[in-house]
Amino acid sequence: MTVARRLLFAAALPVVLFVGWWVLSADSESFYSPPLSEILTAFGNTWTLAAIKAEVVPSLLRLFAGYLLASIAGVGLGLAIGLNRRLRATLEPVLEFFRAIPPPVLVPVIMLFAGIGDGMKVIVIVFGCVWPILLNTVEGVRAVDSVVLETARSYRVTGTARLTKVILPSAGPQIVTGLRQALSIAIILMVISEMFAASNGLGFTIVQFQRSFAIPEMWSGIILLGLLGFALSLLFRLAEKRVLRWYEGLREAQRRAG
Amino acid sequence: MTSVRRGNPAWLGHPAFLGSAGLAGLLLLIELLPRLGVVDEQYLPPTSAILAALADEAGTGQFWISLKDTLVAWGWGLFIAVAAGVLAGILIGSVPVLRELTASTIEFLRPIPSVALIPLAVLLFGTEIGSTLLLVCYAAFWQVLVQVLYGVADVDPVAYETARSYRFSGWARIRYVLWPTALPYVFTGVRLAASVALILAITAELVIGSPGLGKDIAIAQASQAVPTMYALIVVTGVLGVLINLLARTGERRLLAWHQSVRGEVAV
Amino acid sequence: MLEVKGLKKVYRSGSREVEALRDLTFTVDNGDLVCLVGPSGCGKTTLLRCISGLLEPTSGDVKVNGKAVAGPPPGMAVVFQEYGRSLFPWMSVRDNVELPLKQKKVSKPRRAELVEEALDAVGLTGTETAYPWQLSGGMQQRVAIARAVAYEPETLLMDEPFAAVDAQTRADLEDLVRKLWQRLKVTVLFVTHDIDEAVYLGRRVVMLSSSPTVVQDELVIDLPAERDQLHTRADPRFIELRTRVYEQIQLAKKAAAK
Amino acid sequence: MLEVKGLKKVYRSGSREVEALRDLTFTVDNGDLVCLVGPSGCGKTTLLRCISGLLEPTSGDVKVNGKAVAGPPPGMAVVFQEYGRSLFPWMSVRDNVELPLKQKKVSKPRRAELVEEALDAVGLTGTETAYPWQLSGGMQQRVAIARAVAYEPETLLMDEPFAAVDAQTRADLEDLVRKLWQRLKVTVLFVTHDIDEAVYLGRRVVMLSSSPTVVQDELVIDLPAERDQLHTRADPRFIELRTRVYEQIQLAKKAAAK
Amino acid sequence: GTSSDSDSAGGDSGTGGVDKVKVGVIPIIDVAPIYLGQKQGFFSKRNIELTMEAGQGGAAIVPGVVSGQFQFGFSNFTSLMIAQTKSVPIKAVAAGVASTGVQGKDFGAVVVKGDSPIKTAAELAGKKISVNTLKNIGDTVTRESVRKAGGDPSKIEFVEMPFPNMPAALDGGQVDAAWVVEPQLTAIKAAGGREIASTFVDAAPNLTVAAYFASTELIAKDADLVTRFTEAINESLTYADANPDAVRAILADYTKIDEKGRAAVVLPKWPVEINKASVETLAKLGEQDGIFSGTPDLAKLLP
């Protein structure tokens, strides 16, 4: 019963919105907001398996490459900066500055150096989504409980064990927060990088549809993008639940204690 | 990096000094790279050329109008997003049924990249400031909403029961317990939203061509005016730093009682 | 007068059921100071939450001065076990103490008077503008007590209020509670699991059994009204009484184990 | 043997200076159980952190078996006051106990043995795979003690380990500490501010004065080695001893007030 | 001011008053006449108060015109024909810009690096060429140049890249050739680049590249305004064609091209007449290359 109830609650609003859109747009004459039925037809026709292989897969590959690189760079650099007060003080203003530059602005600049290939797109993604990871890692490392650190020290837990068994897990929840923020930014940048200079990809395809006035197809692309973002964030949630099982439990226990 | 040993004067280790040293190092690097021929001056002009271009820009009226346009779009977008996000967050967060009903929809709408809405914004508002506003609001709204939801969920049951046991009215419970608990989260949300809003404002201007700094950057680029382009990029960066600084200061003022701020002061 | 009759509380969460209180009956006369002891987890907090109207009992009655309790009754103040979390960290000490009075629509000058008196009574004059977290643990606990005192309750419920305070501060606070009770003539129900504390403080001690909880025994404490930490605790009669309570509780535990 | 000679510690933060310890000298023989009492804030934690090498003293010496302490000395285990923060919430109970042994490069089968023994000694068999936050407070504290025990230290430092535990659990843990000490023949330095606890537990009690802190007095506890909660605490000699300690501390406070 | 838009779109609101008109333009050299005309008062004397709204390419401008955000827009003919085949309700109202028609001296061309082995347009087959927008006028005309020179146009690999990045891409060898327009064309030539084909000239004699357009709704509702706008534009075009120095001067107002660049760029032609034959050729070429989904109906598109 409870499962059914939860399903009902989860599905209710989306269904209402969907039906609402369908009804409101049913006899839409406007060139730019075609009926939902038309969009769905276009969706079926446009996003065939072949199209997904040709357009979506390259986008996803670039996304994953960029995201992975950003994660490694962000966590690595974040650990170093978080653990070294002086390094932090020196780099903080510079990092703040670079973080504040909107990544799309840098697309042309990065193109100057990295050309127009996949490398450029990956660099754009890395540059944009490394910041939340980096900053959250730094904060997480700084916030490691002093008692935890002293315990580790008094039992002579040092070197790699200190890093992997104490500091990384302790900063874990915050690092994951950064990774989650970075994921949505990475998707945005995937699209933006493909809007500037590309010959395939989801962002490119949407722009092509828009330029060639294939409006239902363009809408179908936007919907696909939404579904993709949703699926990725779902995947992320699953992974997070596994990795941070201890943290969720801890929070739960703390809340129950009240 | 050379390590500063104990014997050296204290100011060598001061954060402000180290920070300035870091910035100065960056400026020097950008000056030297093109001068030494490591990169072509056409792609990356030296610091001096960028600064000169910046000075030129600052002398034109257009620059200030664009700056104003960007800030207006950013400010309004942020304001609308924060107001809507806070209201919706408190409403949804404090009514369990609403929270359950909306959870899946929020999960679906939130990750939709705001840039996917660029075509939509263009259709609705053309290249007017409205397009920028739409994108800015959309992107910033989720940041605030999600944080407020976290905040409302974080209300300490003991504090809440204390309020009940002293017979606080419903409004008083929101005003004196719920809101102060959620406030730090609201601030985090606003801070995140402020930077996202700036990014989106400039992206929209750049991609759509609505008025503002982003459009100027596009024009500078199209005109092959590389130092000017860099100068404008620097302006956006500085703008971002200032906005972040402002948000942090406000946060520190208003949340002096909160753990995170206390912690920062102690360090 | 406070009457508890046949009180039963079963917690239901999902399919799990916990019978916290089985059948509780006892009364507290107006102006009395009753200590409630019982092993950890026997349902003392549950009982207090039922009495204060924060929790609905599964069956049975709670009456305050002849009126059944439904929702927090007027004229009652509760000091929670977790004082640190029951004070509002975003308000100064004064605002914390004053806010319930505002809610009670006490006039402004009277409020100022009450707050000053209460803080004075607990020895906190001069800390009005400090935030709770700027005070030591014992001081925080005294703020929570001051808040209850300023409220001018007829009935004062205190839930293990000193559990987290160091022994020294605890002794001071115990003396404070007795002094306030003697002066203000309120009805006090004091929950603790420290047997010595119960015997030292109370005029009567009600002992609860282990879960499922019933009233195990009652004891009138015939120590002189003037008590002090050093001599009362060394008094042979004191030791006799505490030994009796201790034995009762051990008995209850053994009964539960069977 | 543990020797503390002329120990002085001044905290400097900004322009503010706090003299936590002024001049402390005492020794603990190998295999002894010494309790350290003193008013809140007198510097007990500071002293322990100096002894365990986590904090550098401003002047004076700490020697363990004739060797000056610089950094956590081998063969020493510390049980921190905040057990909740000193256990790693991201590790199971077993991993928490095992990690220091790994760092000590104990072989795998021996580790398993030690962990099992230690958990058994504190009565926690069967909780190996649980996370710390899934346990009650008293159980968590016992995990921290098990970790220290499994480490097979020659010296065991415990900093107010029961301050946050309810009275019942506390009594059980006190008995546990005495049992372990008798069985394992370790040197124990036990910090508390509970006078009764110090007298009940210790073979010797060292009393510290209020800040600026010196050794106020020392007392050999000539109670029989076999002690139990009910009878020892009711023993007239016990009451005599605790009254003496109490008076000394009151004296120290008065001296400080002047 | 959305309300003022709908007023002016509604037409006769300005009873003898001034019509507020917004024009969506791409801020490049091509639209210099409209800025010049505004400055010269050609619009205000016809009771038109002009505001220029910059858009990044036709794709951003066409929706604005259709939805009534702008009354007029500027776009190249290929984009307009694409929209037309998708039944977007728009129609050209005046000529925009035209090729100079002179080989080697046009405002758009395919260029290569100075030391490139490519010497003729035929050799472009099988090479990588950058264009600003795929499936648009750039690749159509480049294909035509290759075809005319005897190469196989189907073998060209086009990549999309903004014009400003092309000099660097060419220099860095990321592309073999670039289809560029001014001011990048002059910049590349100054850096030693060689022109391989004057694509607009190859495509058709005196090709009309772009046009000003309006929505059919506006044309039906406010024919008077459209007529006045067309007259003003035509006067501006004529004036610009006759006064190249004024054109170079006005570039400083709405672009950031530096003084040297302004003096050096090759200016296009601004004839008043739309060269129908050239547009038809362009349509045929586009159809041949599969850019349109149907056949553009030029009768509906051209004024």
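So that you can tell them apart, the chains are marked A, B, C, D and E in the order they are listed, and the count of residues begins at 1 in each.
Everything that follows uses one rule, which is that contacts are C-beta pairs under 8 Å (C-beta built on N, C-alpha and C of every residue); 3 or more make two chains touch, one makes a residue touch a chain.
Listed by chain with UniProt protein names: C, D = NitT/TauT family transport system ATP-binding protein.
Computed from a prediction, not measured in an experiment: that's the story for all the values here.
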Next item on the list: Hop across touching chains from chain C and tell me the fewest hops that reach chain E.
Entry: 2
Note to self: Let me check something: if the centre of a chain is the mean of its CA atoms, which chain is farthest from chain D?
What the structure shows: E
Note to self: Can you work out the whole-Å distance between the CA centroids of chain A and chain D?
What the structure shows: 48
Check: What is the distance, in whole Å, between the centres of chain A and chain C, each centre taken as the mean of its C-alpha atoms?
Finding: 51
Margin query: Quick check on chain E: which residues sit in contact with 2+ other chains?
Written below: 63, 67, 162, 164, 168
Item checked: Multi-chain contact residues (two or more partners), chain D -> none
Notebook entry, point to check: Which positions in chain B touch two or more other chains at once?
Noted result: 43, 122-123, 156, 158, 207, 221
Notebook entry, point to check: Considering the complex alone, what residue numbers of chain D touch chain C?
Noted result: 39-40, 163-164, 166-169, 193-196, 230, 234, 239, 243, 246
Note to self: For the complex, give me every residue of chain A touching chain B.
What the structure shows: 6, 9-14, 17, 32-33, 86-87, 89-94, 96-106, 108-109, 112-113, 142-143, 181, 183-184, 187-188, 191-192, 195, 203, 206-207, 210, 218, 221-222, 225-226, 229-230, 232-234, 255, 258
Notebook entry, point to check: What residues of chain A sit close enough to touch chain D in their complex?
Noted result: 145, 147-148, 150-151, 153-158, 161, 165-166, 169-170, 172, 246-247, 249-250, 253-254
Check: What does chain B use to touch chain A in their complex?
Finding: 1, 3-4, 13-15, 18-23, 25-26, 39, 43-44, 100-105, 107-120, 122-123, 156-158, 192, 195, 198-200, 202-203, 206-207, 214, 217, 221, 229-230, 233, 236-241, 243-244, 263, 267
Next item on the list: Using the touch rule from the top, collect the residues of chain E that touch chain A in their complex.
Entry: 57-59, 62-63, 66-67, 79, 82-83, 86-89, 130, 133-136, 158-162, 164-165, 168-169, 172, 174, 293
